Each structure stands twice: as C-alpha cells, then as structure tokens.
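The structures come next, written out as structure tokens.
First chain A sits with chain B, and in the next complex the same chain sits with chain C.
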Partner chain A sequence: MENANDYILEVKDICKYFPGVKALDHVSLSVPRGVVYGIVGENGAGKSTLMKILSGVYEKDEGTVIFNGETIEHTTPIQALERGLSIIYQEFNLVNTMTVGENIFLGRFSLNHGMRGTHKKARELLDSIGSSINTNSLVGDLSASEMQMVEIAKALSFDSKLIIMDEPSSSLTSEELKKLGIIINQLRDRGVSVIYISHKLDEIFEYCNIVAIMRDGCVIDVKPVEELTRGEMIAKMVGRTIENEYPPRAHFVGEPLLEVKNLNTRKLHNISFTLHKGEILGLVGLVGAGRTEIIRAVYGADKVKGHETLLEGKPVRVSSPKQAKKAGMALVPEDRKREGLILPFSVQNNITLASLSDLTHHGVVDSSKEREIAERQIEALGIKTPSPDTKVVSLSGGNQQKCIVGRWMERDPKILIMDEPTRGIDVGAKYEIYVLMNKIVEEGGAIIMISSELPEVLNMSNRVLTICDGRITGEFNPEEASATEIMDKAIG
Partner chain B sequence: MSANVSINKVWKVISKQKAVIAIFAMMIFMIFPQTTFYTAYNWLDMLRSTAILEIVAFGVTVAVLCGGCDLSVGGTLCLGGILAVMIVNNGYPIWLAFVVALLSGAVVGFINGFLVVHQKTEPFIITLGMGMLLKGICQQLTDAHPITCTSLDFMQISNRKFFGSIPSLVVYMAILFVIFFCLLRFTSYGRNCYAIGGNYEVAKYSGIKVVPIKWSAFVISGVTATLAGVLLASRMNTGSSVYGDSTGMLVNCGCVIGGTSFAGGVGGVVESFIGLLVIQMLTNCMNQLGIDSYYQTLFEGILIVLIIAGDCYGRKLKRERV
Partner chain C sequence: MKKINANSALKLLQQNLVLCGILVLIVVTAIVEPKFLGAANLNNILRQLGPLPFAALGMTFVIIAGFIDLSNVGVISLVGVLTMGMISFLGQVGALIFGILLGALLGYLNGLILTKCGAMTQAEVLFITYGMSSVYTALALLYTKSETLRITSSTKPYTIFTTLGSVSIGIIPVSLIVFLIVLVIMHFFLTRTIWGRSISILGGNKDAAFLAGFNVEGTMRLAYTIEGIMAALASIMLFSRVTTATATSGSGYETNAILCVVVGGTTLKGGKGSVLRTMLGVVLITMLGNCMNMLNLSTYMQTIMRGAVLVIAIWLDNRKEL
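Up next is the complex of A and B:
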C-alpha cells in the first residue's frame, strides 16, 4: 500500500458556520479502510452537517478533506459519488414509480448499453449483497428494507469506497436489521468503509469497530467500540450522566377504558383487545404486520366496518378522526413531518390546531386565549422555542414531537395513541417524552404505543401485544417476559 | 437604534415579496417622466380597473389556500353577468338578478368542490375544463352576441361614485377585501383552510372537517366570481360571453405572484391583492408612457417571470441557509 493511504477519509479541522451558530467546530476524523465507523450524537450535534459537507450539499468554511488520498477542496454530490463516496439518507433517494434496475442506474443507462444490460448488471449487484429482489419490480412496491438494499446496490454501482448510512435502521424492523448487519459485514470484508450514524446504541455496539461521539459541533471522543460502555457513551453524548434511559414504570392500571372487538379488514384478522385506564399498551410487530393499520382503524382514519368499539363499557361509533376526537382519542402519528405537523404554521398554531373549535366565538378565534393555551403547553411540556410564533420547522425533532403531544394534551385525551413516539429523537428528549407518557397515565389516561424499539416497549408498557400478519399472536407482561420470547411471537 | 431594527424588519417582510419591490420600483421610476401617474384620479382609476379581478381573486385565494386552484372563474364570471342582464332585461328586480347569479356561482363551485374534494380530481385540469364548459353555456345563452342591459338602475351599480369621487367598484372591492381578510385571519374557518392546505392529513387527524371546508372554499370562489361578473356586466352595461377569457389564468397567476402558494397553506388576500395590483400598475405605467400595446404583453410576461423566479430564488437561498 502507498503511504498514508490507510485512511479512506481524513477530515481535518472542519468548521461550518450558519448564521448565529457554529455548526461544526474544528472537527477532525480519520476513517480507516474496511471498517465500520460509528458516529453518535444527539440531534443537532452536527452529524448531518458533517455528512452534507462530505457529500457536497454544503460547502465547508474551514479545514481540509482528504478522500482516498486526494485533497478535496470543492465537491458536488455527483462528483462525490463518482469519487466513490455515497450517502444513504434516512429518506431514501429513490424514484418510486420506476423499477429497481432503473433506480440503481438512474441517469446512467448508457453505461450498460441499454435496459437489458442495466437489469443484468443490477441483478449482479443485488446478488453480490445476497438480495433476491426482482430488478423489474417497482420500487414503490418494496418494503423499507428492500429499498435499503436497492440504495446499497446503487452505492456499489458507483464502486463506492465509503458508504455513509444516516439512521439506516429507523424504518427497519429488527428482523430486517439483522439482514442489514450481515450486509454491512460483507461490505467491510470487501474493503468498503461504512460510516454508520445512528441513535440506537445497540446497533453501534453490534456493527461498529470505531465510534466517534459528537456533541455541539465538536468531536468529543473517538474510541474502538470495545473500550466503551453504553453508559459512558450516553454520558459523552449528552454531556451529563443519565442514570436511567427510562423512568420508572407507571402502575396505575384500572378498569377497562376502550374495548375493540372483531376488527377485520383485508389485512387485519379478528383483532380484539382491551385498554385499561392508566395503562400503557405496547403493540409490537414487524413493519407491515398491521400495527399502524390497527390504530388507524381504531382512530377512524381508515373506514372499517363491522367492528365494535366500547368506550367505558358503552358502544361508540368511530368512523372518522373527528368522531375519535370527540370520543376522547388522540393520535400522535409515526411520520412527524407528513402526518403530524403543519410545517408552514407556527408553534402556537400547531398546538392549538385540535382545540380551535373550543376557543372560537361565532366563528372568530379568540387570539388571547389561543396564546394562553400555546404558552401553557410550551411551559408544561418544556418545549424549547424562542417564541410561540416561531415556525415549527425550525425546532428540533424532540420539540416538534412535543408540539404534537401538546396539541392533544390541551384536550385532556382519555386515550392517546402514539405511533413510534421517539423515532429520530435524541436520548435526552426521549426521556422527557417517556416522563410525559407516565404523567398522562398517572392522570387517568391510557396510551397505546407502537414501537419498533423493543427496549422501549419493554421498559415503558404495562402490557404488550404482539402482532404478526394482521393477527394478535400473543400477550405479555413485559416485567416477566424476555425480549426473545416477545420477538419470537412477533415474527410468528 | 430601534429605528434601525424596525427598518430591518420592514425590509425583511418586503423583500420576501418581490411583487412589493416591483411596485416600489415602478413608483420610483414614475417620479421622473412627466405623466399624470401621481394624481388621485389615476390611482382611483387604477384601482377601479383592477377591482373586478381583485374581487375574483379574493375568492380564488380561499380555494388556493386550501390546496386547490380555480381556473373556472372566467366562465363563472361570464355566466353571472349574462344571467343578471337577462333577468333584469325581463323586468325582474335587480336583487333577484344578484340572487340568481350568485346561486349559479354557488352551484358551479359546488360541482367543482365535488369533483376536486370528493372525487379527488386534479383541480387545475378539472376547473379549466369547467371554465370551458361554462363558456360554452354562455355562448348558447347569448347566441354569442353581447346583450345590452336596458335598466339604468342596474348600470348605476358599478358606474356611480361614492363620496364625490370614489368609484363604487373600489368601495365594493374594499368591503370585500376587509371581509375576506377577517375571514382568513380571525376565524377558525380561515385557520382551518390554512391547515388543510398546509397538510391535509394532519388537518384530518386533528379532527378538522376537511371535506366540507375544502368543498366550501370552491363554493366561495364560485360565488365571488359571479359577483364580479354581475358588477362587470353593470360596469359595461352588457352581458357577453367574451368577458373573462383571460380572467382565470390572470387571477390564479396574480395570487401566486403576490405570494399565495399554489401548494396551499401560505399567503392570503393581502398577497393576492398585491399580486394583481402589480400587473395593473404595470399596464397603467405603460399606458402613461404611451408604450405600444404589443410591447405591453411582452413586459407583463417579463414582470411575471421575474417576480416568480425571484421569489423562488429567495426561498432557495433560505432553504440552503438552514
């Protein structure tokens, strides 16, 4: 090997300034060839900014980047790809209406002399990572993990020497995650380096060789993963020690509050369950098992006929979100940006969205009352925002999530349905959300929680239902059951 | 110091809307040549000329805010005017003419709403088609000839002046402006419109009656279009199927120029008002300077392209800074 070429990527003293903020402060990293390099840090620590500089989305203000032995002054996303650096973002960059093969070689069909060659080459790439996806199927029909395979194949088609994965696991179930782990190991064996960015520390420990911990735009520490413990890592990420990742479990379970009987759709079969007062009910299952469909049906977002819903023993009809709201239900959906927030709106307007009819006299919104509500929720939930009039887009993920929770808290919901309540939220904010959940059940509410993070379900809920292929396959007391038992039922 | 801060703030607001900059640019430019631009008469005339389009735009703004758009307003306006003239010519009272015309607008809006909200068709195409359909109806109704109104009272509606010199159309426009401003700014209906346009799913999950509200936005758009049509017929003393040919495009375009987003959820009547005023002011300036009408279309096109491109460029800069 040539000298000083043991590193695929060297970053020295990179600085990046945004108006009023120093997003990166003299960041230096060296990524050796053929390793999996983890980067962890809270939201806003600067991970994404650094990746965007590497891929050429942003320009750096100071510092040097040496990639594959070549000092890079200025780059664009396409140049970065051609040099062999590709990024797989959390939201996939795929065209849903085109086929797998077309996506892998998008814009480079001539490379393989036409479509037949393209599909053939795509097949080879997919085979090389052990994936059996048909190259002629539409990307829109694929599951999240299959899309990820396509992204990886696409990266390999550029002969990438470094693949950056930004939160690759956020849309994967634990089964799919295992597959990803295998592929990452394969990539490493081939000599490809992987930068693995994740909030989920288990994955970091499982996959990574070296971990860099970032906080407030600085690299706090770089260590081989064996030399770190989970607690140390968290302490370094948040800059303080968190004794527990989870608050003590709440124990307030009372009488039945919501009973759902015989829920049947094309995807769901005989779903019946009971939610009690003061209970956190966890729903566990693979993505696509029907978890989200269940809560959408319960909330009236999808029109479903034939099932029976009893609220405090009395039958109610919930065929629209409006009726659900009236019955005292609230939904914190999975996808904050698409289903949870109105992005052009301010924090205040997002918070008061669901209670607007209560502060309206003859159709006119009482603006002082509206302000009062917004300020009350901002204070109660500890939402960090410069003012209630700040646009909600500029808040961090955790604070955005609190805005959605605040919207419903104002209505004192009896039943709060939370779909992946802590997705994409950093460790500190997660804890605050958990505390909030406990507070809700303490006050006599009940929560249905869907989560792909098993530790979260095990530590937060009072009861766990496993769902597989649209059926409830098991019921567990998480204090007694082990993660493997639960996963066993969820996989079916 | 504080003056400095407030100037900065004003500049920030203004620079977001390139249309406002265009207005100021024209006003500054018109100081130099010897024209009658800076006379109260000219300004009132300018407002009067744009009043019909502005009134249409107020209604269309509601539909656009909800994430729709309404290109049928040209045909709707035409229909309203013709119906009103026909009714008055047959000796019925003027109030009945208004009622029938506005009802026809409501029906058109209801059908648009049904197709867009209930049947989930693409609003751009469906309302464009609806506009053509209405145009066809208007041609059948009038045999493609203009019909002159025989009632002097009807003609008076849009041609009289209030307070000595203020054209009645300007007053009507001002009243409607205030009504729509308050509707969108202070009522829960208005807020829900913004929410629906901002994110339909979120609005639905929050228990907002998304379907009836978005549907009603099209009804409002239809009603204001026919109202404008009646006022136009009164102004010209004629109902004709040639009116409103460019209205649909111009009004929707004006909304966007002013800063009301076609994606929905952003903007308002102030923005739409400014958007259409820019176009009218340019026409006025060019008339004042005696520019050939063939060049006028060219300059109008240039202005529209520049403003939209400038706004988009500004937004792009802002996105990249975040």
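Up next is the complex of A and C:
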C-alpha cells in the first residue's frame, strides 16, 4: 500500500457529462509531490475539463478528488487557491490596468499591511523565481512571458503546492521558454508539483517527469517520460500512427506576386519584401517583434500610410480589409475566436462570410447557393461537423480553423496570410492544414505564414524572413539554414 | 428515454418561454377578471399596440448589431412635434414623408457620431445615445416652447393621421395593419438581405467582420438609420392616436422598447435575434400592462413588475448559454 501522502493530488474515477457528450470517462490520475506531471492529448481529449473540475469552475458528476490528503467534495476557484492549487490559464487572469505588485496580491493587500508591504513581498516572490520585473510596472505593458512570471509569483503567494499550467508556452518565444523551463525546475526543487499541459511534445520531453496521455475523455496511458518515444506518444494521442508531422515541401515558386516597399510605422522600420507565386514565405521573430503588425498593414487592417504595394507589378491601394479582399488577399488571423469566427453563428454562416456579396441578387442572399458553398468547403477540407447548421462554437479548434480557411478558399485567394495557422490545433488537424497550404501554392497562390513554432516554419516555408524589433534582419533558405542561425537573427 | 423526454420538454419550454408567459397571463387574468376576454378589452389591447411595436422593431436592429439606443426618446419627441408642425406647411402627405426622412436623418446622425467617436462598446454607445436624446428633446422644447401642440390646430387637412390613430377595419386598427406590413418587410430585410445579414454579423463579432472585408462603420450607421425610421413611425403613430405632441412625448419608449426586445428573446450580446420574437415580446408586455390595469395594480407596482420582467428575461437569456 502506497502512502497517500506521497501524492499531492489523487483523482479517482472522475466522470463529467455535458449534454450529448461524456467529457470525462472514469479518469484517474495520481500526481506525486515535487514532480512535473505532463498531460498531453488532442483538443477535446478532456484536459481542460479536468482542470476546470479541479479548480472548481465545473462540478464533477462522479468520482473523488483528494488534494493534499484531504477529500474534496465541492470547491470554488478561490477555495482551490487557498488550499494551494493554482491554475495559470492560457489567457492570463490579470488586471492589465494595475501594477505587477497589485496583481500578485489582488484583493489581499491587507495581508502585507498596505501597498508598501505588498510591493516588498511581491519583489521577494519575483526575486525567488529570478525575475527582475519592476513591481510598479503596469501589467498591460508587460510581454506575455513577463505576465506569466507574474502569474507564477501570484501562485506562489498563495503558497501553492500544485500549479497547473495550461498551454504555458503558446505565447512564448523559444528564449522565454528556456526561462520558463528553469523556473519550473526551481519549483520542483522546492517541492511544488507542476501539471504541465501542452500540445508541444518537445516541451513535455524536456520538462516533465511523468506524462499522462488523454484521448476522448479517457486516460490512455501514464508513464515516466523516459519510457516513451515521441512517435509512441503521438500514436497514443491520436489513436493511430502518424508517419510524418509535415508533408513534403512544395516547390512551385514562380515570378513576383506581391511587393511591399518601405513600410514604416512607429513600430516597423523600412519593411520591404517580395512574395512570389507558389511560395510559402515564413516570418520568424519573437512575439512583439512586429510580425503581426506587418501583415495587418499589408492587409489594410491597420491604418498605415506611405508604403507602396505592388500586385503583379502594378501598384494597388490597400487601406482596408475590404480592398485587400478585392485585390485577392485573405487573412487567417492569429486569434481564431476573437478575430476569425462569428461564434454565435453556424458553420455555414462562418464559411460563407467572405463570399456573401457574391451570392446576392439585388441584395437578397441566395440561400441555396450559400448551402452549396458551405457543403463544398466542408467536403473539400474535411470539416468534421454534424451539419452545416451546427453552431461553429461546438467544433474542435482544428475544425474551427478549417472553417476560416474554407471561408477564404471559396474565393480562390492569390495571397493567403496565415498568422499562427496551427495554434492550439491537435497533431492530426495540423497535418491537414499543412496539406491544404501546399495545395494552395500548387494552384498558383502564395502564402505568408507567421509562426512561433520554428520546426513548422522550417518544414513548410520556401523562404524565411527574420523580424526583430520591427526590422527585417535576415533572409534564409530553410532547406540550407539551421534553426540556430535563424533564431540568432530573430533574436537580434 | 424518460429523461430525454423531460429534457426536450424543458428545452421546448425554454425556447418558447414568451409564448408560455403570454398564455399563462391570459388564463390567469381571464379567471380573475372575466371582462378581460370581452370584445371591448380586446379592442383596447389592439389599439394600445400603436407606437410601441415600431420602437421595439427599430431597437431590435440596433441590439442585434451589438449596440443599444437610448436616443429614440428624443427622436420620437422631436419627430412628433416637427411633423405635426409641418402639416400646416407641407400638407399631410408632405409632413408624413418629412417625419420619416427626419427620423432617418437623426438615426443616421447617431450612427455617424458613434462611428466618428470610435464608440464600439455598449457602454460608450449607451452614453452617447443618451446624450443625443437630450439634444433632440431640447430641440423639441425649443421648437414648442414647452407648449402642447394639437393636431386640430393645423391649417391643412390631417385625415391620414386620424385614420392611422383611430380607424379600425373590423376590429383591426389601421395602425396595426401598417405595422404588420412593416414587420414582414423588416423580417425579410433582416433574414434574407445582405444588409440584414451584415447587421447580425456585426453583432456576432465586429473584428471578424472587419477582417472578412465588411464595412463595419457603414453597417453600424445602417442599423441606426433603420432605428431612426422606426422611431419616426412610432412617433407618428403616437401623435396620431393622442392627437397631441409635446417635447417629452417619447419618454419611456427606450426602456419599453428594450424590454420588449429582451423579453422576446433577442440577446443583448448581439448577433442573434429576430423581429418576430420581438413582436411576441411586444404582445407580452402590452398584455402585461393591460392585465395589471384590469387587476387594478397601481402605476408604481406596474413599474416594479416591468423592471422585474426585464431582470428575469436577462437572467434566463444568460442561463441559456450554459
């Protein structure tokens, strides 16, 4: 019989039902003290549901939770925190208009006898994880990585024994990620357990001691990380074997299609580049280097003046997304839910969004034509949905992304701009998006791709531009250049 | 199997809550006060349906677009006094056209000011339209010098207005017929045309609409222009029935219109909704008022009831999301 106190968290036979789905099916996990415990699984595997039950956002339907030797029946987020269980969500839970110190001790200033004590205590906590952020800075001015440090300090301020990190690396650059790794190791050495949820298997292998693999609401396997290979892990996640993570690179590069000259804003300096027909152009840089600003300016989403845009050699004016669309451009934005989807709408309405004006006669929408378009794209992209009338919000991340891609495919865009095209998408759906990208360039289109995942850029692009502090700092052929060379230029 | 049946019954009830509410209201009031179902009272209810449906219809468009409008109070008051004043100058047809155009202009102006201010959140829109309402009401006060205008003092014929206000075909008032025609047109406009669609899309996600190439500001102005026209129609129906117009005759219409929209089941979050549902909301609210009168509830009590209904409607709407 194992000593129960060896485990900070024990979860036994947890079930959770949502209308029509069994989100968790007899899930059991035991997290020992002082380890980094990885949880991997495709979207919809039940990771987030499990975490939300632990933190008290959802109520479990069956099963038991034992935290720190104590059986927990009901909990609320604040009770969970006070017991020593913190969750750091992908979207941070911070007040942007308040300072770092205030955020760490939000609502608990009296604990430190006022603001001076609060900032002093916050300083100590930040120092303890080797962070030098000024406690008087506004959180809104911080980078994603710094915000994460604040979240970790906040978790420590509750004397947390278990910190759950949900996709902690999704907005971090590789440099910042290394820092996070160091901090996670420090936490482990202090005896704090960390549950590390991520899609990125490299990180799981680097940071975790034990990994649990989830699929379709079940725990498929729990093993020490050393006993698993990357391939095995993926196979268990998707329930089948994936030979390659990337399709063969496309080679269709032709003559210049889009030329951007002298793009200058407060943040961007002398950005000039050319995109060729059949090319996938990768933009690499740290978060905040200006990658998204460049494509937003090119697409007319931000009001920028003074630069020149040439389309097939002829100057065009693109000062709004509407004009960009007319010129044959399309944008798949970074934040699917905030900028891409109309969440209350159906799959069909989301797919036809960009072609609505083409299927109207005297202002009246032709609904049979609309149906036709939706069904065509659902079929062509293999979007898994019960019906075109299903609400898009109920689809998985990968299928939602395909709805946005399909929206633009219907228009046969000449230039497809993709900002983090596979963020938050599971392995299988990623591959399908890559295949789609190759198909687009094969048909004479061109793609500008922004991605924080270097392997993705290296394997998919024909050419890579590195962006640092609003400048283009290098141009590489990814078939010849090494990852280190490219990162070196991107870091500046 | 039994559980599923209970669930779907509950769902059906949730989806048709307004209809159920109306039925319960009719049954309860009819039992307590048999006169409720008498011909005289039914006629009374139909006549009470005059201005409010138009105001609620316009509000539906603005709310589906993801915004709100408190200025229809001012629009109704200003259009009312100016249109009545214009009968003596432009004749009745001219005044009618003038009133509708003025409503469209004021609505467009609201939209223009909002887009120029970059007001994209509901709070900003709330306060700016509230401010515009004060401006319109003040203009109405300047024009009337705080006096009550009477349609009977017009120097030209005004039969169109009296027809709208007090003539019925059978038991159906003319104003209701006009409204039903407008309702059908607006329902078609919202559900089938690209402009109506754009308004829903705007309410669903402004950023996504912008990046997909929609003219966000233009669509916003369109929603407010429709709201202005509907407020003007409400105003005309109002003074046609009461035959007088004052600088404050629109007061209360903003909250009542929002009440009807929300009770009808159009969410304040924008993106989803239907003018037909709003119509049900109007029927419920009008009948509620009538029932409370029949049951001799005091005006204050009635106000409390309206507030409670609004809170319950929003509460139910938010529970639906779960």
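The rule is simple: the second predicted complex is superposed on the first by the 489 of 492 C-alpha atoms of A that agree within 3 Å, B and C clash if a C-alpha of one lies under 4 Å from a C-alpha of the other, contacts with A are read in each partner's own complex, and residues count from 1 in each chain.
Keep this in mind: a residue touches a chain if its C-beta (ideal position, glycine included) is under 8 Å from a C-beta of that chain, and two chains touch if they have at least 3 such contacts.
The structure presented is a predicted model; accordingly, all values stated were derived computationally and were not measured.
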Side-by-side fit of chain B and chain C on chain A, or clash: clash
Which of chain B and chain C A:Ala301 touches, first, second, both or neither: both
Touching partner for A:Pro321 - first (chain B), second (chain C), both, neither: both
Chain B versus chain C as contact partner of A:Phe18, first or second or both or neither: first
Contacts of A:Ser368 with chain B and chain C, given as first, second, both or neither: neither
Which of chain B and chain C A:Thr484 touches, first, second, both or neither: neither
Touching partner for A:Ser132 - first (chain B), second (chain C), both, neither: neither
Partner chain(s) touched by A:Thr360 [first = chain B, second = chain C, both, neither]: both
Where chain A meets both chain C and chain B, residue numbers: 19, 299, 301, 321-322, 324-326, 331, 333, 338-345, 349, 353-354, 356-357, 360, 363-365, 367, 407
Touch list for chain C against partner chain A, complex: 7, 192-195, 197-198, 200-201, 204-205, 207-215, 269, 271-272
Residue ranges of chain A touching chain B (in the complex, touch as defined): 18-19, 299, 301, 321-322, 324-326, 331, 333, 338-345, 349, 353-354, 356-357, 360, 363-365, 367, 394, 407
Touching residues on chain A, where the partner in the complex is chain C: 19, 299, 301, 320-322, 324-326, 331, 333, 338-345, 349, 353-354, 356-357, 360, 363-365, 367, 407
For the chain B and chain A complex, residues of the former touching the latter: 186-189, 191-192, 194-195, 198-199, 201-209, 265-266, 321-322
